[in-house]
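Think of it as A, B, C and D in the order they're written, each chain with its own count starting at 1.
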Amino acid sequence: MRTDNFKSVIDKYKIIFFDAFGVLKNYDGIVPGVQKTFAYLQEQGQEYYIVTNDASRSPMALAESFHRIGLDVISHDRIISSGMLAKEYLDLKVNEGIVAYLGTLNSAHYIDSSGLHTLPVSAINTTNIDQVNALVLLDDEGFNWFDDINKAVNILRKRTIPAIVANTDNTYPLTGNNEVSIAIGGIASMIESIVGKRFIRFGKPDSQMFMFAYDLVREKRTVSKKEILMIGDTLHTDIIGGNKFGLDTMLVLSGNTLPDDAEMRIKSTGIVPTYICNTAVID
Amino acid sequence: MRTDNFKSVIDKYKIIFFDAFGVLKNYDGIVPGVQKTFAYLQEQGQEYYIVTNDASRSPMALAESFHRIGLDVISHDRIISSGMLAKEYLDLKVNEGIVAYLGTLNSAHYIDSSGLHTLPVSAINTTNIDQVNALVLLDDEGFNWFDDINKAVNILRKRTIPAIVANTDNTYPLTGNNEVSIAIGGIASMIESIVGKRFIRFGKPDSQMFMFAYDLVREKRTVSKKEILMIGDTLHTDIIGGNKFGLDTMLVLSGNTLPDDAEMRIKSTGIVPTYICNTAVID
Amino acid sequence: MRTDNFKSVIDKYKIIFFDAFGVLKNYDGIVPGVQKTFAYLQEQGQEYYIVTNDASRSPMALAESFHRIGLDVISHDRIISSGMLAKEYLDLKVNEGIVAYLGTLNSAHYIDSSGLHTLPVSAINTTNIDQVNALVLLDDEGFNWFDDINKAVNILRKRTIPAIVANTDNTYPLTGNNEVSIAIGGIASMIESIVGKRFIRFGKPDSQMFMFAYDLVREKRTVSKKEILMIGDTLHTDIIGGNKFGLDTMLVLSGNTLPDDAEMRIKSTGIVPTYICNTAVID
Amino acid sequence: MRTDNFKSVIDKYKIIFFDAFGVLKNYDGIVPGVQKTFAYLQEQGQEYYIVTNDASRSPMALAESFHRIGLDVISHDRIISSGMLAKEYLDLKVNEGIVAYLGTLNSAHYIDSSGLHTLPVSAINTTNIDQVNALVLLDDEGFNWFDDINKAVNILRKRTIPAIVANTDNTYPLTGNNEVSIAIGGIASMIESIVGKRFIRFGKPDSQMFMFAYDLVREKRTVSKKEILMIGDTLHTDIIGGNKFGLDTMLVLSGNTLPDDAEMRIKSTGIVPTYICNTAVID
């Protein structure tokens, strides 16, 4: 399979959107050499944004996690996370009462919104269930699966309220040994199918993620979609989402899509990136 | 909605298949009056079998649970459970190695088979994973959901082995207050969709359940499908399964299908029972 | 079920998005009295847009169809159709070669784009299939189903190209007698499942439709999502799409959702409109 | 990938079930050499049955089609087709009125049953729709797709009746050039999803097919499932169906599963045949 030269490709675009996991970092830290890419982009005056299906932390905390692995140039105002969309939804659409959540305390802090009372699913009981006006699924950790997934099912059977999924991924990779862990998106699909209701999902490949980033860009300058490149490691989120939004797309082979599988997967899914590069690193 | 007279209907059949939960028993014990039905059937020389999606115990233990609530006439040799099919599968198809399971110790005892070593998923590790030749999903209790559901996913990613689901139900009712609990069938669907493999499911509406019962009947006598009635409370397991197998079917309104919903549900699903009765009780 | 007063509701918003079918018009023409609504909006200086899953014609042709039934105020620049998104996709993402389509000649004229050659699926053969760079599903009429649906399947098996669905609806109502016709969205789902590839769908509930309208509004003025109301007759397109985009939503009972079913459907789907009104008519 | 020696494998079994298409015959006629297999089986006194998802003709007509290509030994009483199960369903469960069908006249002749009036969907109209008591989907040919698929949808919206699918396949191969045609099973899935009702499907992998064959065998002799081998070319019908029924299974690489793909497909689906052979031919 032919791959493209990374530097030649990015030279054609004014704005670059990067996925985080599998592109900039991996289980064991930064993708080696990726700092050079950002140094080059700054030198050339090209802008960059991180567009990530991560609802476990605030953009501020996400930025810090980049700094810790040596990517100091990524500031919080360049990060668009699916958690930000979940928060915007609550700000716009839920005006009062309790927002119950599945996730860690960290993930919940972020969605706190004026006028709303954020409570873990475990704290919902007969005395307060009638005030629950939304259920938000944020993270696969921070709660007891048996108790709280079952409780979430029963909350949705009793209350006609929106259920918001802040991360559409089904799994995420565990360190090193090719093992995965079920992500909150996978749990959400099980609950959705059991209660038979329609959940609201935020995150790539949904256009709203790209639009959020596009709006950020347009606040500063006039730009056409033709001038933006989306770089990601996953066909069914980064690439099809970018394509559908009208962006050119680059698949990198440093994460979910392995070099040996890329061609077969593109063929079998019909999801075609504009470019394929080994990594998002200038060599 | 017209309902039929229970006694007039059963008088037409030589053999009756009963679903257990929602027909003979409920959260708080026996469906009142159901003993009379069995007394009448014995008087008339009509045969009966219990056909149940319950893989949590052996037929022997299931029979005892009927005895405890006053249904002494139901002996273990009249019970066909989805667990029996899972056990037959292992007996016929898995000849050696470890069978890993999700479920209680009770459910696992039952599937123990000569030549096979039955181990909970929690006991699988790098030293024995290569001997795992089947994964069986038996019950939603008896294990840590977070640890062991994730472990089951990774076992199936590493090993190309059959995954057997011994109970196809997605939920089961909890006592009284209209709450439900996620059954192992619901968990199985999540794991199946995450690993992208095809599971083997035993239990109604699958024909194999009805065939197992039909074979038991035919060991003793010659019988036509026309002479058998299937009685159940659930359209998408008991009724469509019985219909497809070629049996006449009766929906009772003492369980999953409420009197007020029955007509609408029949219309919206297109699953039509031959008869509808309030309960499986002779009045 | 409580319904809201239409006039009191729209008085709260600066911008109104209307679905077309089931809200403004029906099988037999205009929804009676809807002209008054537009007269009122113009009087008050409130803006309005039509947001419709209709890819069968250009906005110009759609506007004319409104004029013919007496809605002269709806000009083409106030119409956002899913066909416009399909066209934008082709403009941005497909640069050369043939675009094969299923649909009428009218629907195809609209997506014609410089540099692209638009051909019906029936005109694709061994001499030109290698130049086909996209397949667009536009309308359920204008082709032979047996010949051309089968041909579309085989084109997608041979070519690794995007398949674009310009109308996500599964069915549309036929005149009067409660009958429906399968829409191109329903055919698209069959083809997608048969070829196992991932299609790109444009139309409500997808956010991109709402974003397109939102961008049109923002070209003229600064506006917050809080100031926009989406009015529609269908929970799983208009209402959930509007909700997810962060808009307030109104369900009207003059189309797909019947007055007797509305409450049950809201409860069973968990899709909750901000308001419910009988029609989009000021009384 | 290791393959097994065909003769050594079949020597271990008393009864062999064969899939037809891709195992015994192909687009251009008989799989060369397959006659020798049947000569050998007869010599050894091993029994054989053909288990096929073909509802387009009667077993008699299917037998003739084998004779025409040189397989004279396959008599009609050794053929089990999904059409036979559809016919049994009608015999047992539908007692009067009209059975509407999609398919050819040939396919309909076969399901004709005493007391029932078989009519193509095209002949259903307002004068007779109230007598329609079942819809049977038999074949993808013999009707106008646009007119009659839409009509079938509207019949199922008006009538609460069973819809029977006599062939679960989604596609079938066309001669030679790697093209396929949509089978009635694919059309059935589209109609089912559009009307939201539950269809009754006959055909592998469903256990009822295997049971029908198993019952035929047991009429003549006592046999254990351990003594039966199922041979097929398709993992998700022949192999998983055989496995689930408790039979040993052999995948042959002369049809749907290509030699180069077999290993990857087994791994990705988790459907594991007991044996893999190149063809069902003794060499």
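Rule of thumb we're sticking to: a contact is a pair of C-beta atoms (placed from the backbone, for glycine too) under 8 Å apart; a residue touches a chain by one contact, two chains touch by 3 or more.
Computed from a predicted model, the values in this text were never measured in an experiment.
Student: Applying the document's contact definition, name the chain pair with more C-beta pairs in contact, A-C or C-D.
Tutor: Higher contact count goes to A-C.
Student: Averaging over Cα atoms per chain, report the distance between chain B and chain C in Å.
Tutor: 45
Student: Please work out the Cα centroid separation of chain C and chain D, and write it as a whole number of Å.
Tutor: Inter-chain centre distance comes to 40 Å.
Student: From the C-alpha centre of chain A to that of chain C, how far is it in Å?
Tutor: The mean C-alpha positions of chain A and chain C differ by 28 Å.
Student: Got the chain D residues that touch at least 2 other chains?
Tutor: In chain D, no residue touches at least two other chains, as defined above.
Student: Could you draw the chains as nodes, link the ones that touch, and say if you get a line, ring, star, complete or other?
Tutor: Basically the chains close up into a ring.
Student: What is the complete set of touching chain pairs?
Tutor: Every pair of chains in contact is listed here: A-B, A-C, B-D, C-D.
Student: List the residues on chain A that touch chain B in their complex, please.
Tutor: Contact set of chain A toward chain B: 144-146, 149-150, 153-154, 157, 170-171, 178-182, 186-187, 189-190, 193-194.
Student: Taking the touch rule as given, give the residues of chain D at its contact with chain B in the complex, in rising order.
Tutor: 88-89, 92-93, 156, 160-163, 195-200, 206-208, 211, 225-226, 236, 240, 243-248, 266-272
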